[in-house]
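In what follows, a single structure is set out as structure tokens and then discussed.
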Amino acid sequence: MNHFYDEKLRREKVFRDPIHGQIIVDNQIIMDLINTLEFQRLRRIKQLGTSSFTFHGAEHSRFGHCLGVYEITRQMCNYFQRNYPSKSAGDGLWNDEERPVALCAALLHDLGHGPYSHTFEHIFHTNHEQITRQLITDSSTNINKILRRVSPDFPHQVASVIDHTYHNPQVVQMISSQVDADRMDYLQRDAYYTGTNYGKFDLDRVLHVMRPVKGGIAFEISGMHAVEDYIISRLQMYLQVYFHPVSRSMEVILDHLLMRAKYIYQHPNDFEPDFTPHMLMPFFNNHFNLNDYLALDDGVLTTYFIHWTHSRDDILSDLASRFLNRRPFKSVIYDKNTQELLPTLRNLIQTAGFNSQYYTAVNDSFKLPYDTYHPQDSNAQTQIELLQPNGDFIELSQVSTLVASVSGREAGDQRFFFPKEMLESRDNIEIFEPIYEEFQSYIKNNHIIKPKE
Amino acid sequence: MNHFYDEKLRREKVFRDPIHGQIIVDNQIIMDLINTLEFQRLRRIKQLGTSSFTFHGAEHSRFGHCLGVYEITRQMCNYFQRNYPSKSAGDGLWNDEERPVALCAALLHDLGHGPYSHTFEHIFHTNHEQITRQLITDSSTNINKILRRVSPDFPHQVASVIDHTYHNPQVVQMISSQVDADRMDYLQRDAYYTGTNYGKFDLDRVLHVMRPVKGGIAFEISGMHAVEDYIISRLQMYLQVYFHPVSRSMEVILDHLLMRAKYIYQHPNDFEPDFTPHMLMPFFNNHFNLNDYLALDDGVLTTYFIHWTHSRDDILSDLASRFLNRRPFKSVIYDKNTQELLPTLRNLIQTAGFNSQYYTAVNDSFKLPYDTYHPQDSNAQTQIELLQPNGDFIELSQVSTLVASVSGREAGDQRFFFPKEMLESRDNIEIFEPIYEEFQSYIKNNHIIKPKE
Amino acid sequence: MNHFYDEKLRREKVFRDPIHGQIIVDNQIIMDLINTLEFQRLRRIKQLGTSSFTFHGAEHSRFGHCLGVYEITRQMCNYFQRNYPSKSAGDGLWNDEERPVALCAALLHDLGHGPYSHTFEHIFHTNHEQITRQLITDSSTNINKILRRVSPDFPHQVASVIDHTYHNPQVVQMISSQVDADRMDYLQRDAYYTGTNYGKFDLDRVLHVMRPVKGGIAFEISGMHAVEDYIISRLQMYLQVYFHPVSRSMEVILDHLLMRAKYIYQHPNDFEPDFTPHMLMPFFNNHFNLNDYLALDDGVLTTYFIHWTHSRDDILSDLASRFLNRRPFKSVIYDKNTQELLPTLRNLIQTAGFNSQYYTAVNDSFKLPYDTYHPQDSNAQTQIELLQPNGDFIELSQVSTLVASVSGREAGDQRFFFPKEMLESRDNIEIFEPIYEEFQSYIKNNHIIKPKE
Amino acid sequence: MNHFYDEKLRREKVFRDPIHGQIIVDNQIIMDLINTLEFQRLRRIKQLGTSSFTFHGAEHSRFGHCLGVYEITRQMCNYFQRNYPSKSAGDGLWNDEERPVALCAALLHDLGHGPYSHTFEHIFHTNHEQITRQLITDSSTNINKILRRVSPDFPHQVASVIDHTYHNPQVVQMISSQVDADRMDYLQRDAYYTGTNYGKFDLDRVLHVMRPVKGGIAFEISGMHAVEDYIISRLQMYLQVYFHPVSRSMEVILDHLLMRAKYIYQHPNDFEPDFTPHMLMPFFNNHFNLNDYLALDDGVLTTYFIHWTHSRDDILSDLASRFLNRRPFKSVIYDKNTQELLPTLRNLIQTAGFNSQYYTAVNDSFKLPYDTYHPQDSNAQTQIELLQPNGDFIELSQVSTLVASVSGREAGDQRFFFPKEMLESRDNIEIFEPIYEEFQSYIKNNHIIKPKE
């Protein structure tokens, strides 16, 4: 028995949103989920992490994104219900009884994200997906309590959509597939806030050519170009925004800063005799609970960083200062031919006075713009199926030259990061001049090269 | 001797900005100012404080706004130089030698803002304008060092523009007047991020009808409607966005939270035996220096608030939780006739179990949408002068019915804030039911009324 | 018996629209109405007549506007049905059985417009409202045949909505009231195409605060500012766009050109011995039928004008050329004090060699931005009612200072138009120099003045 | 001696434009060119011909586009002059003395377009490029007279830019190359008016990475993605907008309509004994002068079409009516394998009662999205060169996977057009039923197929 509609609001409520105009809520369950501390906390976690160091406008939090995914999912349900209502079980059309689970999964899909998730998870071995699941299914959370008003099993249903194990693939694909509400919201939203044009595809048009089918969600072939445009927009956002070298450089600094803090904590020394960043200690100790996790946000981390700029540990204080005051490392591209030169470059940097463990890094950022279905892959993606007038399906890259050209080929680059100082002429430190010159001889047009002997 | 142009960049650099598209920097002085820690810190201070609790999209920082004011000022200089270049001193036209001081003042005009400035200043008696001045003129700051590369006197010139004491009123009015680069940027920017439409006026058109005149800056009469539209847009933004009752409510909670923290610090008790929020203590003690101030940002405050949710002081922990998890007070409008009822209402609230010092508040938000010049006023605003074809000036409200209708009349309201619980039927606490009912008898259509006997 | 829903489309069809994104049609009746020759003809009639001579972007036709009014009405019906569905007759809520008549009236409300309607009607005494009615109710039209598929009486119902005589005031006010789908579409649309900002109000927000009430449509008081913004936007569009002096000047030329053509037709002379503009002749003769009218469009008129540039009638050819090649008259403002000077000015113009009947004109453009209800007025407008939490209504100007300031006061001006040549120094025609000088002595700052003796 | 700057305006004038915001004119020569009848006539010629039958918003004329190309060129000159001013002849940098010829060529590049140019040229063998050249260089035109005020040779210089024979390739490539002001304006403009998203690339960013080099114009490699995005946007606009089957279908009808009219004129018959469309006769007779051409516009053609709907020639009247009332042919895709079936299909259509010469057509629309330079080609396009930090060039498709995937491969399709009636079941004409069924057996999923025997 599903009690979702028992809590229908008499009048719709509206969140004004710069991307969707209005986000409409007509159910008390949804309102209450939004008002939990677990959800409100997303206001204090930036959606794009270090990207705002590159695109200063992109300071938006995960809060708005989660509302946006909810709104797109709501519009999908409406469109499906208007145009493809199921008449009998198993007819492959849309059963509107799936709406509650779809809306809640959409709203909550990113609930477990912490501050600077990617880096944080790298250093502390946390997992935001697992935490999302816990926040939904653990009976101690406010989220769980609210979801249980729908039915005892409802929290697990919602979690299973996010886990991709829910029985109805239409619902799963609404929230997570190559063209889902999640991606459609963040591309539009991140484009809006960065002020770039790349992520702007025609959302209305894509929604209008979606249709429920037996195995999930397909697209009318008449909308092929709208889907194609979305795929290309997504690729452009990865290459232009998400993989921007300056953002990645700031992420490298953040990573090394947290690594250094962890090291200091685990190796107390004279410089930092009393290093006790309380809110991080559960994570330094690999022993944290949900409340420890929920207490963290971007501001907590930067507050520690502000403290650390006064540390007597030079590496800690310098990296903290580089992060807070936006002094990114420089980077150059390398490939499998020039990879062998990295130790040489690291040595030069060490010789020039930088601890190369903390002052160099490699980072590869690659994205598979699109791929056909490979059932043998552990993390196989669904492919995009287009529906022809006679009812046959055809896979997207069969009809789109553009998509075919990027399908199955990872886009991105591998970069080596190092202090900007290595590229500067520093007359005042003449002693290092030959080192700088040698270092620079390995670099040309932003790539590592093998210098001519 | 002005060395600004010695540092012209060979190629323009660009900040991508969602409002202006591109923010163009062609001088190393400007780049270096942006890269100081004083300026980078503005990334960690939200432009609109608690407004993002109402308009979730409006999480942007002061950093982008400051760049935007710079950009508008740059465009003004360009436009004036193309169309109204001074030919001889005192001809009332634009002398492009004023560009360096105009650009730097524009960029730095908000440098002294701290976290949630309005509230912070209220509780701690700081003054962001004075701190801006210090950050520019104190020889210890990075900002000052960079400005001195232009000339020894340059920091004081820049500060004097911000102080309105600079000798050339054109420059002063560019940065601060009824139609200045500051307001023009924030109206557009805040409209963009809130997703509201109210702040959208035609910036290009307003810039195009500005012109330098002897006493400052005037407007071609042909552009009257563009200026009028700007005035009305500004008023709408105040009434719809800046004065939104929910944002003010969250500000009230913040204010009372900081007030309570200060009280606890100054009155140590058993509940909080070791209350030592280090970064705030200089302010609790009314004894802080520039570095203490520069160490603060939004994240530092919210980090303390997260700690305080665990306080054994009920008021501190409850207010901290209300702020972090967005549980605003409700509010109703009162006026001079119903003001006398406030003590009664406070008593009822106290009786219902809330400390009325912390759980009630009044807040009046009024804005003078426009006014003509009143030289006797301490803080007299310049009035807007329109230039007619024959060279005569006419003041804006003389020709605009709309502006005349709002000129000299403050818009806004006075509100009384109280816990939402007072409006709810709470069956489980029957004992308070009559109090709630009596309280509610004083409220009708969001106003305080005198109940009929 | 209403057969509208018998013709529901299996899948929604979409018109891509720059204003609304998508215009959704889910019924064959609507599709068929759009595909009639009567409706397609609207593609060849510009929405804004001569305004594109001022705002070159505004070349859009009435076709898109009519679709837009349909779309807004559709959204109103959806919103009302979701939030205010009628439960019993006379409860003042929305009865969705009104949807067919609302949608058809919205779509067809401007069907009778001809080329440059305002001017055309002035010269030829046609009436686009009456023709709209005929096109809907005359059994010979395609429109009528399609509407009759719904029910025999349906055409008259649709016409009665447009006539304001339909029994349900909610439907009438959707299409025609101070805040209706018609005005809401054209303000947004005309702002988009002109590239001005003035007409941009928050359509979503206004729609969201509308609600059906017993006497028609009211607005939640929480949306007061959205409605206020709409009223002010509308006023600004009138003053800035619709009343632009250059557009009015081109309209004056058009008016005089058609007047001259009519004169020549009615007074055959040697210059134009064979003046037979066939498609206009029914109108010159005051004897036309629906087909004569439907054959006209903007292109037919301009085609005649192109012919007429070769006329041996100097006035006809010169005015045709001024219109086609955009050579507007100049204009100045006068008022009741300076009105007495018009004969003097006309004389000067005549003396300078221009036939003052064709080369001068007066035009007053005034708009009542808003007004309260005056039942005694022949053409009384409904006033805007706001609904308070306790269910009471309050009239808009009671709570909005801005609206109060413009309510009941006509905005606009009176202008006198004359050839630009009167303002130019024309050294080559020295003989007229004193006339020009005298003429110019009556003009100052774009107003007619009484020159000092 | 160049007298362009003698005519600098004291104050800039502004055209408000929905795409560029403001189009700024600061020279009387430019103003006077815009005010000629030759240029004003562009207001009466739609930019996108029959596309507005598909995208109803796209009713804009060539007038705004020409202003837009001027504006982009102006911005290029400004950017080049600020960042890459030539210091000595032949240094490959920008010589601002080229500005007058660049601006005039930009403004006038489309001057020779007539109504529905593509179709008109097909039927009447006119050539808009040649007419553009004549309008600029023929001493009888107003355009020529104005240009000669700059210098006697100036008209020929302007024409030579449009002809690609001007000596400075930078100027030629500004106006005509793979990334030129012409394409950049129309992509943005057509996207705006159609309401599609496809043509929106980042104009500011592309302009900002352009730079003059010795052989023309190159792009900073840092802007690779912006250029790539432009190329892909352009391709999408071709596939989605310019090649839309409905627009092409309406063009086919227009083509056959004019073809029929020409045939009737050349073969007088009893049905149309007095067929004398005066303004078209010079073109029917292959003997026209500039004035004949300048008298034509979209409205003249549609006026004739309105007349022709009353023709007793069934084909002429039916095609005229299909065009005016938007009743497009249907179309299906064929390829070289199914091309052999076209005669069979035409026969079926003829048998069903349609004259297959007028009621069927083939149309192939292909676009080379990008190509590298092939000097042997008659119409060789310049390739896009990116400039690396060390000064080396690299061709775009060498670094962009996306561009490489579309480079040198034509995109588009071949379609066969036929009356919609062939796809409808028409119970009332049973006699043709078997023909329709056979016809439909050749069609599947919008393609011609070989039916299974």
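Details
We call the chains A, B, C and D, going by the order they appear; numbering starts again at 1 in every chain.
The criterion applied here is as follows: a residue touches a chain if its C-beta (ideal position, glycine included) is under 8 Å from a C-beta of that chain, and two chains touch if they have at least 3 such contacts.
Not measured: the values here are computed from a predicted model.
The chains in contact with chain B as well as with chain D are A, C.
With centres defined by CA atoms alone, the chain at the far end from chain B is D. Looking at B-C alongside C-D, one finds more C-beta pairs in contact between the chains of C-D. Averaging Cα coordinates per chain places chain A and chain C 50 Å apart. Centre-to-centre separation of chain B and chain C, using mean CA positions: 42 Å. Work out the mean CA point of chain C and of chain D, and you get 32 Å between them. Among all residues of chain C, those that touch two or more other chains are 16, 21, 196, 205. Taken pairwise by the contact criterion, the protein chains are fully connected, each one touching every other. Taken in their complex, chain B has these residues touching chain C: 196-198, 200-202, 205, 221, 225, 228-229, 232, 235-236, 239-240, 388-390, 392, 401-402, 404-406, 409, 411, 444-446.
Partner chain A is touched in their complex by these residues of chain B: 15-19, 21, 35-37, 40-41, 43-44, 52, 55-57, 59-61, 63-64, 67, 192-196, 279, 295, 297-303, 306, 321, 324-327.
By the touch criterion stated above, chain B contacts chain D in their complex at residues 11-12, 14, 16, 21-22, 26, 82-83, 204-205, 208.
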